[in-house]
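Scroll down for the structure; my scribbles are underneath it.
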């Protein structure tokens, strides 16, 4: 049973190595990409079921008992996130088959993709703070390379900012881990939670919490440290943008959720108020940024920021409903944003550009793509009955229950502006007549179908999780309860037998 | 006795290292600085290592000390040589008191890129 | 009763088949698709007795139960009244759309959207749960966005569609917040329960916010002043859309909501004041502006705005007369306005113009259309023995009963305006000599005149058979008033004040009709005012938002990496510093490990190297200084018992230098790029940041909350790990997972560097 | 106190200081330059002194394990110098 | 000694941050290197300093004798050093390629992808 | 950079580097050393060779492509954790066996050592990949 | 070849700190493997080797003496305020032929007083050295010193 907590890391890791060794055969790598991500999804589903039935699962890697070795822990939050990784991985892997250029494939695209997934899953599953740093770095370096792979000028510019700011965040993270170890003498998160529990308003711990907040804030793209995201997300190939949008910032949010529910709960009125403020400002700046853009993927990038604000808002409100909203929003946003990026790629293939000015006429020429975009975009904008609405609704409800009127108002208003910029894309790229510039050679039917299969799959998912939101919300609520009452987590990690 | 021998060796070695570093600061041009560092530095470290060998008086330490000495004796001159050669080719300025240069004469103009009156190129990159 | 949700969802299901039907049957598909709403009309009609008996059909199943969301429907009188109107008019709209958009390449999509809209609208009126209602509410906004923008290649259509969406969407979001608060105040999300708890809600502290937020939603949807502007603009939509959404159904959703919530929220001074004031203002604005328009659809749109204001005002008054008047008028309005819009569409379709001032004498070319128009026009003017006449009488009665002179005056003026508009749209263009229209007028096809004719006749019949109408409307009135209410309708109430006022308004209207041209030229002023009206305001606010967005982005997302870095640094400093300051920082204690002279010298060297790295203006010099710092750090590791670290540090330092040296050749030289003041600023910030980290290091060193876990490693390394180098045992055994990740990082870095050097897609330098 | 006592240990402490000062002096040359080869030889000397420092520290602490570090330093310092020299030579070729 | 090392850490951080705030790519990367050194030293220092007692168990012994340098921070730092080496190597190549694509070392010329 | 003295010296130094590296690798469990350090030393040796001769010569000497080395190294490290799974214990649990050849070897051999070898190979592979790529870039 | 292998075996044993048969043979085996690898890679050709330990010992003694002298002289020059040196670059004709001979000679020259090898000419006939003390500005004396002192002894030892 507990082996399930390792499998989601091992599968992509092994696939990465295998693709690396098979670097001369692209065909093999492609097959491996789809098979590996499918297996990952399968394993994630297994993990999820197991966690839902048996409670928190963990593996003491190397058989070393909990605070000493590295524990891999899967609670509901983790398994939800792992499931997302599997989903996004599979969708993007299939999409890549048709969209990735051969030069990049030859240069190690697939191993990098697998490694990215391994890093992300590692980060989701680890129960050790330093190990979290390591997986962060795995994920980061994989993303660095994916971002820069190809070496076009825009990619380089984006990559420099992305790399520098993320390294800065890593350095902060590392410093925080070091100081925390110096104080508490342990790295296991459950152990830290126990050891820091009774310290009360300890200035230093709060201060370290702020180091973590900033470090994870950078990775999650929170205000005011999100600048790397809009600078870089639109530069790499679409499939890469998509997987980034789906997973990378989520790891930051996940870490915030984990750390600020498990470890730094000594001074909730102080820390979580700051988080709430950051969330509100993130929403506003992000959405305004998007409003100013005129390029498909840049709009999407900025929206990623504002949506991150929603996820973090749940953490700031710190109630079961709010945290459930965060979890739900994480899932929703991954699915939707990945999909929007994928669609932007299809639009580019059909219309020849990412610039809204140069796009047009897709509503008439490609109604299926238009329909898919509309559904997904409206989900992002929080239109009912799609998933985005449910997430926003739960958060708004939680906010009102907590009496946080301002943030709810901001969240709703931001939803409105999001809707406006989604309709901007819709109006410009789809409704508007074709601008008459020379269109590219349309992709072959086979290519188009391969591109649209993951898009349609994810779109169906966003509709389903909207209309049939109940099961997912149930899971999210259970996850939230586990977060708020971390005794289960701690017992699972520390209470198991010694070697 | 052994203690004292070790102490003397180490002090001597570190003194040599100090001399080397003073030489590196004081000497007027790159080549003479190198003369100071490549010899005094190497011997200095070797003496310190020898002092350690004497102090511990055990086979593993002695062999390690020997290894250090051998490494230094092997690498230091090569390092000095390649730096000096590159520096020369780069036309690092020599001390004004330099008496002769039998190499420059034998390098063809094409090899050196000799231009009348061209000063040493700026190496401060 | 599961038939209820099935009925609501059936249009959605059918919409999935519509493209297929259209592909097979082309424009005839409208006839086929119209079967469903016809059946639905009958179905909803059949539920009416249940509602009248006080045991309305309902259905409830959990949706998102944990968040209090039920998928529940409740078919009381009010809901059924609307449902019948929606499906009934929808039947003819589908048929009409088949003819109107004949041959249009995207006609299939029109069917899809219309059906989707119909389903959403049915959902709005039948929902019992607030959130379910909201879901359908927003769906109507969305579908109407798609419908208004149907002529999507035109900029104006897109603008109108967006405007409608933005205005109604904003209101919708406010309403969502209002609903959530309402649910909190009432302790239930089910409307059927909420309406029972009126007193509890009205006395709750949240009452005012709930009221304001809900009104925001209702007013925007129902185009109340000052949010009315989207409705006339929405006339960019094809006529079936205007007829359906913007006269008969969607715009009435707001009225519906107010009626629905009257038992819960109504009756307070706040309610009354806001509804009557906004309603009256809307009536005036709509009525006045309708007079100065010549475009048939614009004319009708503004009069619709005025009608909506009328209904809102009546709900504000809230007396039984007013409610009855409101609902009767609403029904009548839906019938005649739908008919008139379809007429206008048919005229446009056949003649190629909608300019009322340019059209005349169409009766000969389009007899059936003219018939419908005249009937509907009479209804609109409140002249004939039609249902609308009864409604107007009731309304006047109610206004008089309220005793408010202003409202009375407004009502009369608005009614007069209706008369004029009715004259123009129902009479003027059909009478007189035939005009020189762009196209020779022919009668529209059956699909396009059957609707208006039927609706117009229906309006007339309901008036003539007032008893039947009363029976039909009574349950709805009871729903709104929150108690069973007897209802008798009669055409003739005898001569009273209301009749007098009615006559006055007709006279005024007729006068305006006769002098229509003069009225219009006088109304030019109104046009100029309109330029600065809410429509303009909408544009301005969008521009302002845009400017704000651009400005903010320029500042925040400047593109300069160093500002981003500064943001990160300043953020962490502010947060951490404030945490220490406000949470009470622990004091710094003195060192416990004695300072050695050589240790100090090594420390000095690291400091000197770091400073040198900053100050040196040659790249390799700076790199050499970096090497010095790294070496110094390695010596610190040596001094404090970490040989493995020292080795690694040295090796890594050296290899880094090698890499630098290999690559530096290709990098440009240092240049002093930044200005002095920015150097000073950065210097100060970095010193502050460094100081903070130093302070943190010191504090952390002396705060030992718990002893470290390392003793475990010290004890188990040999017996369980079989290694005497504890660090290495940790690396390859205790914490091997870290190491696995770490070599993955390393491997990726190597591959990445390789790929980056070898793959150059920009073609600058082919390899 | 974990450090050893005795004549040799005291001498080691003194040589540690002397070596550290040598490193500092060598570092001064690294900073002063003026040419790259000057810096390189100074850095080379600096690493040699660091190796000596480690050896002396072994004596000071009575733990010979640090001599292994010195071996690594000795081996690897050479590599850095070769790297720099290579760069200088390339520059020389380029300037030619 | 801790005070002194704290000072060193502070200076390393300050220097690293200052270097990163310059406009030159090379300075940026040198700053990064200084920063990672600073972070490592921070971990090392805050884990506690024990002079001259490396965590090596003598032959024949089964456990470390009481005062010993904490091996865990050492293992962490070792990992961190290697990671930052990998990242540094990649960043170096990346920056080189960026300078090549942009034709300059000046970071201010690399602003086209924002907004 | 063809330099007679350097290249000759390299020929003598290379074996030393590599011997030392293998030495560090094998004893890393007990004394300072281990896969990283050994890998870095070995890589330094090869890098020296590459600098003194040429990347091509170095690759000839290495015979396995450095990128393949990375792959094998990662594979070895990852796979060393798998036997534990087969044995029903958590991932990366060490399995040890006594390797005893009378008069020659008396060692405990376990999966952590295999892991360390994986680390070694990866490190060598990475450093050489980058060095070679950069050197080729220069030319 | 064998000798070099032996050296590696010894180094191995030295590193292990125990000169037992086991460590020596393991060291030999490791060294053999590495060397075999290197030979196949074309790094190490066959190198002539004959044991001339006595001459070697004499040479080492001579060299150590020279090394000490060199250091004293440098120290003197460094520590006194005036520069006594008369530097210059001198070309020295070579009798040494093989790579190893030339390299060893150059290295020893670098390590001994006042001289520093700079380069070997393309045709391997000249060794350029930087000398600190060219007495009276006469390079020939220096040349003779080097040729008779170092090169002769070294070649005698090696050949």
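Each chain gets a letter, A, B, C, D, E, F and G, in the order it is written, and its residues are counted from 1.
Operating definition for what follows: a residue touches a chain if its C-beta (ideal position, glycine included) is under 8 Å from a C-beta of that chain, and two chains touch if they have at least 3 such contacts.
These numbers come from a predicted model, not from an experiment.
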Using direct touches as single steps, what is the fewest number of steps from subunit A over to subunit D?
2
Report the chain whose mean Cα position is at the greatest distance from that of subunit F.
C
Of the pairs E-F and A-F, which shows more C-beta pairs in contact?
A-F
Centroid distance [mean C-alpha coordinates] between subunit D and subunit B, Å
12
In whole angstrom, the CA-centroid distance of subunit B from subunit F equals 31
Could you work out how far the Cα centre of subunit A sits from that of subunit B, in whole Å?
56
Could you tell me the distance, in whole angstrom, between the mean C-alpha positions of subunit D and subunit F?
26
Where subunit F touches two or more other chains at once, the residues are 1, 3, 5-6, 9, 13, 16, 20, 30-33, 36-37, 41, 44, 47, 51, 67, 70-71, 74, 78, 81, 91-92, 94, 123, 126, 130, 133-134, 138
Among the residues of subunit G, which are close enough to touch at least two other chains?
11, 15-16, 103, 106-107, 117, 119
For subunit E, which residues are shared contacts with two or more other chains?
20, 25, 28, 38, 40, 42, 44, 46-48, 50-54, 56, 72, 76, 78-79, 82-83, 86-87, 89-90, 93-95, 97, 101, 107, 110-115
Subunit G contact footprint on subunit B (complex, rising order)
16, 19-20, 22-23, 26-29, 31-32, 34-36, 38-40, 42-43, 58-60, 63-64, 66-67, 73-74, 76-78, 80-81, 84-85, 88, 94-95, 97-104, 106
Taking the touch rule as given, give the residues of subunit D at its contact with subunit F in the complex, in rising order.
65, 68-69, 71-72, 75-76, 78-79, 82-83, 85-86, 89-90
Could you please specify the touching residues of subunit F with respect to subunit A in the complex?
67-68, 70-72, 74-75, 78, 81, 84-85, 89-94
For a test of understanding, state which residues of subunit E touch subunit C in their complex under the given definition.
1-28, 30, 33-34, 37-38, 40-42, 44-59, 61-64, 68-72, 74-79, 81-83, 85-90, 92-97, 99-101, 104-108, 110-115
List the residues on subunit F that touch subunit E in their complex, please.
30-32, 36, 123, 126, 130, 133-134
